[in-house]
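The chains carry the letters A, B, C and D, assigned in the order they are written, with residues numbered from 1 in each.
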Amino acid sequence: MKNTKIFYNKKNALRDPILIVGLPGIGTVGSLVGEHLRNELKAKKFATLYSPHFLHQAIMLKNGGVRLVSNRFYVFENKKTGRSILILVGDMQSGSPEGQYEINDKVVRFFKSLGGRTIYTIGGYNIGNQYVHHPRVFGVATDKETRLQLSKHGIIFGKAAGAIWGSAGLIIAFSKRYKMHGACIMGETGMLEVDANAAKAVLEVLKGVLNLDVNLDNIDKIKNETEKLLKELEGAAAGNTDPSQASGGNGGKQHLSYIR
Amino acid sequence: MKNTKIFYNKKNALRDPILIVGLPGIGTVGSLVGEHLRNELKAKKFATLYSPHFLHQAIMLKNGGVRLVSNRFYVFENKKTGRSILILVGDMQSGSPEGQYEINDKVVRFFKSLGGRTIYTIGGYNIGNQYVHHPRVFGVATDKETRLQLSKHGIIFGKAAGAIWGSAGLIIAFSKRYKMHGACIMGETGMLEVDANAAKAVLEVLKGVLNLDVNLDNIDKIKNETEKLLKELEGAAAGNTDPSQASGGNGGKQHLSYIR
Amino acid sequence: MKNTKIFYNKKNALRDPILIVGLPGIGTVGSLVGEHLRNELKAKKFATLYSPHFLHQAIMLKNGGVRLVSNRFYVFENKKTGRSILILVGDMQSGSPEGQYEINDKVVRFFKSLGGRTIYTIGGYNIGNQYVHHPRVFGVATDKETRLQLSKHGIIFGKAAGAIWGSAGLIIAFSKRYKMHGACIMGETGMLEVDANAAKAVLEVLKGVLNLDVNLDNIDKIKNETEKLLKELEGAAAGNTDPSQASGGNGGKQHLSYIR
Amino acid sequence: MKNTKIFYNKKNALRDPILIVGLPGIGTVGSLVGEHLRNELKAKKFATLYSPHFLHQAIMLKNGGVRLVSNRFYVFENKKTGRSILILVGDMQSGSPEGQYEINDKVVRFFKSLGGRTIYTIGGYNIGNQYVHHPRVFGVATDKETRLQLSKHGIIFGKAAGAIWGSAGLIIAFSKRYKMHGACIMGETGMLEVDANAAKAVLEVLKGVLNLDVNLDNIDKIKNETEKLLKELEGAAAGNTDPSQASGGNGGKQHLSYIR
């Protein structure tokens, strides 16, 4: 097995599909969004991607079964728009440049072969060591038309800077080359390894972009649990530290970073 | 030499062969089981696998000779069942994902080309920093039929979770793809680099699974030596440390970890 | 995407082109020189090189767009000599030997296919932990003729020793194999991550070599700002440290290294 | 440039050639032996090996020229035996398993294509942190005949154990596969990064094996300088340390390790 391969689980005909890429990354925002959509929309498994550039791991299943690590495409038919939505989620991204270029190029070409013209990748936009209570949603996109359209739903363009690592960036860069419309949609995040608040902000925007009904209760639950935990830790930090330091507001933050 | 290659040492006809994979890994359980079977069954060398994804090492031999690092297939004819048993042992596994995918895919396709339909990989299941006196044997398998059959011999399914690294996991994942029956059989282990007790537990189960007579005296000897050493270290630890700590049972454990 | 690729942005006919390679490296001298020439000469984008051996990153643009990391060729027609000048600049070099050999071989063959016969790569020559006020410009070249010609412009041959890492070295080594004239031109540098003074020294020499009018005000500005900052830090260091140490001249230097 | 390549510098006809491989490695024994033979025998450059698995470096030459890192074959006609001797020396070995397998396989096949049947690789055999005053010369070989023949010249077989890393081991392992006679000849060494004494021991044995006249004055000079330095350091260590420690002989050794 020398190359990345995609196998169909169930080959449905798709209608002008949109691809949403929700893979592991900064603040786990991509995975949270992708898995939430998959669950809430009861999307069906469509295809599975395996790669020799993922880690050499097999995952043990609850039923005593086993499967290779993978990325997986799920499909949902959006009756409100008549378009198919493909959701790409997975266990991991490749750790090497060569793996990333191969896999992401494969994903974009596979989606193009299905007649796809629109790709949104989801990620986190890291602003440093703080909890973001009211996360903004930033975007970059392949073309002006896409930027204008997404702006209407509250996605902020031209304010994010720097590099996007991995699939969230490469898939959009490749979609441009293959003459598709692509955007990377990023929830503002900081400190947290798993930031449900940033994911919720992206989901709220996506509902509009995709014209989708999605219940957000489950992501809200994770968000609330995280925030409760953060408050407890802030309280503990304030109690444990010298008042002169606590008043500076830094004592608590240092403790919070242990959550990572 | 750009690809993994398998050379026959002696090309026997095999009868409905079963492959046992006993390679280096957690607690050295795979290697202990594989090498024990090879020795006790006086299995004959059947084929040798070389790979540019192993380390760039040659092994010096006692007779002044030298050989490339390798994995090796040995064959034994089980007269009680009329089936051939192939045992795969070796110096190492590949350290890279690309190497692991290539080698393990090669192993499974090679075994399929020999008419093989059943593969058991052997590994350790790490439960953390403690010596496991009565190790359980956990399993994951490609299909329900295999799980049912192995359960009868005391292998526990559905209780192990997480990822299996390397050949023990990938070979089973690949055997599923090639429509073979595969299971990874794992001896419960902790603390030790070389855990003969976990290996013994697996061997006892394997005797039943394979319907094999195998003498376990040699593995018992390693197990007893290890346990004697552990007791001495525990005694030394109890003597050296503050009684209030020793009674907590932790003083000994810290010392034991030096065995690793 | 398994291989390094070069796409034309605008395929001009070139006249006996000279290639200047100004990529990231020691003291950022290559990039400073390349980007300065590109800006001052208002060179036009000619071709873009992408590689799976660069990092897996996409760059966010000010206008809300996005692009893959790349190296880029710009072209300028030098009316004084009638020769085209190609300038290669970029976000990064590959981090692996395999990537470096592939990319640099590709660059040289691409340039040869354009009728090119002369390549100058730009780099820094590190002489250790000190600021170089009057940097010399060292060179190595493929052939005696090139060495003689460049010597006339003040480039010093036969005094630099050691290894040249990456594109600055490999492109010249490959140009020799493809029977082209090549030289690596290196500005003497030390301590600094970004050494505009070393870049200025190279630019002054290059003006002569290429028979080019280039305004150096912008590079001078960076140089002056750096030197002002260095002086402030030296002053601070002298004030903060024990006089017996400060007189040894080392206190200041240690502080300066923070600029890196 | 995706593959290792060998270019002829001067394609001589060879007479039943013997290949001596003297590349960088433990104690620099291989390089010292290879370069000493090349210099003393005034061997002529025969072929050059380049590889994308070496480091991405170009070497600056004293004359202002530049060359890619490489391994180089030199040829000498041994009039006493009528056989050609090829000596392989070089700047480095590859750092990756994949590179090592490709390069060493290429070397052996290249040598076989020249009609070669006998290969001796040179290395150091590390016995730990001590200076070896009277180094033994150990060997491993592909076949009994070679072992017997080399034993007559004082090379010790069957006493060395463990793994041989890199070219010294792989070339011999590959020569076995290609049905050639091969041996790895190792000088006993310890502590030193550059051990001329171990190299001298190998050279003395090689003179007999190859039936060669080689002057050893130059290697003797390096050996004597090293030993003088070691004595000075031992003296310094004895003076600086507590007498009770110095008498234990360890104080000096610790200091000597700085030479590395």
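Note that in this section a contact is a pair of C-beta atoms (placed from the backbone, for glycine too) under 8 Å apart; a residue touches a chain by one contact, two chains touch by 3 or more.
Remember, it's a predicted structure, so these values are computed and weren't measured experimentally.
Note on connectivity: the fewest chain-to-chain touch steps from subunit A to subunit D number 2. For the copy pair subunit C and subunit D, the superposing rotation over Cα atoms measures out at 90 degrees to the nearest 5.
As for how the two copies subunit A and subunit C face one another, under half of their interface residue numbers coincide.
Farthest from subunit D, judged by the mean position of CA atoms in each chain, is A.
Spacing of subunit B relative to subunit D, judged by their CA centroids, is 38 angstrom. Not a single residue in subunit C touches at least two other chains. Listed by label, the pairs of touching chains are A-B, A-C, B-D, C-D. Listing the residues of subunit B that touch subunit A in their complex gives 94, 97-98, 100-102, 104-105, 139-143, 147, 157-158, 160-166, 169-170, 172-174, 176, 184.
Subunit A meets subunit B in the complex at residues 1-2, 52-69, 95, 99.
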